[in-house]
């Protein structure tokens, strides 16, 4: 297990995403290169980080953004914890596909690219999971988000 | 994030490199606002050297698109690949910004 | 403060060094590029990580490699903790400069590139510190290691 | 780490890219052993695309150097830069492997 904690401020975004991106490499043979799996994990996890910094700690001194990363061959689980505002992810507006949104895309990106669960509390716990699918490629995403 | 702007006639190419996200999108805003204020006809956003984008980065480009269109211009994207391509495809924005493809 | 813990196994080297490398960026204005400071911090810290995995947990099931990173404008401190074998860094052989060593260079690299203190115990605590020097460059290293 | 070997006459160029460290140096060993076993005269290790090296990586190259020399050959390094250059300079090995510079 990889454990990381940083202050919940956007300037730590690069640190946090590099850990996730490097952890993705541990899910596959060394010879294989970064692929859709990595892109989707980093995209989803990056939105989770943004939301904690921007919404979770809005109007209060930022606490930590903490994550525990479990790496198995072929799967990754990121358990994100914060002590900020809680929210109800089911209330996030569905995204009208092809519409020109300027915001409100974060939760949609998370849900499209990974399995997501959320449990409000102290800390709030958001769990993102993704399994490598045999012979998978970007096409999977299309199927999953339809 | 680094960006460079090149004007030739009615077209502007805005090349954005590196990471366009919640941290860096605000740094790009003044350059985007200038394109709108100058009523550029055709803006091509070259993302061939963009490594990573998030919803804030997409939001900035969508906002540019809407405002340039409102002035009668158009915005295209070129060079999309890797993680940014995955995001634009997911949000079905590839069809908006690359209508020919 | 950035806190990271991974199993003390070499396969986590990339995760650990990416965090250090990204943390270095927080010590300077965003416009400046990676420089000698970053190279020297990553080099020293990488040797600390290797030593914990290779020597610290030799002959026992690996415990964690944990690090707390303090970033100030112009300085970085990495506090490394492990629960493996302790050692006496003053017994590390001095390096005959220009001699052709195949090993025994790790502690020399750490000491040359950063300030280093070590306190054996449970956990063992190794602290590496580096301050950006006004107008510094690679030439500093030469001076410091003479 | 990726490596490629190119022989031309008495010279072999061994290009090592990426990271050469405690994780990857063991993967390079068989290729180094082969150069020694084949008694190559001149081995040039091209490190122009090496991003990171550690003491284990240096140890592997020093071991190659000693063994090739023992067979009457020589080892040079080309393209050193960034972090690997800093390490070779610190250990005063730049003078050993790049005697002309």
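Chains here go by letter, A, B, C and D, matching the order in which they are written, and residues are numbered from 1 within each.
Following the convention adopted for this analysis, contacts are C-beta pairs under 8 Å (C-beta built on N, C-alpha and C of every residue); 3 or more make two chains touch, one makes a residue touch a chain.
Please read these numbers as outputs of a predicted model, since none were measured by experiment.
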Partner chains that chain C and chain D have in common: none
Centre distance in Å when chain A and chain D are each reduced to the mean of their C-alpha atoms: 40
Distance from chain B to chain A - Cα centre to Cα centre, in angstrom: 24
Inter-centroid spacing, chain D versus chain B (mean Cα positions, whole Å): 44
Multi-partner residues of chain C (each touching 2 or more other chains): 11, 14
Residues of chain D whose C-beta touches two or more other chains: none
Topology of the chain contact graph, where touching chains are joined (line, ring, star, complete, other): line
Inter-chain touch pairs (all): A-B, A-C, C-D
Contact footprint of chain A on chain C as seen in their complex: 1-7, 11-12, 14-15, 18-19, 21-23, 25-26
Contacting residues of chain D [partner chain C, same complex]: 19, 21-23, 52, 54-56, 58-59, 62-63, 65-66, 82-83, 86-87, 89-93, 95-96
Residues of chain A that touch chain B when the two form their complex: 10-11, 13-14, 17, 36, 39-40, 42-43, 46-47, 50, 53-54, 95, 97-98, 100-103, 105-106, 108-109, 112-113, 138, 141-142, 145
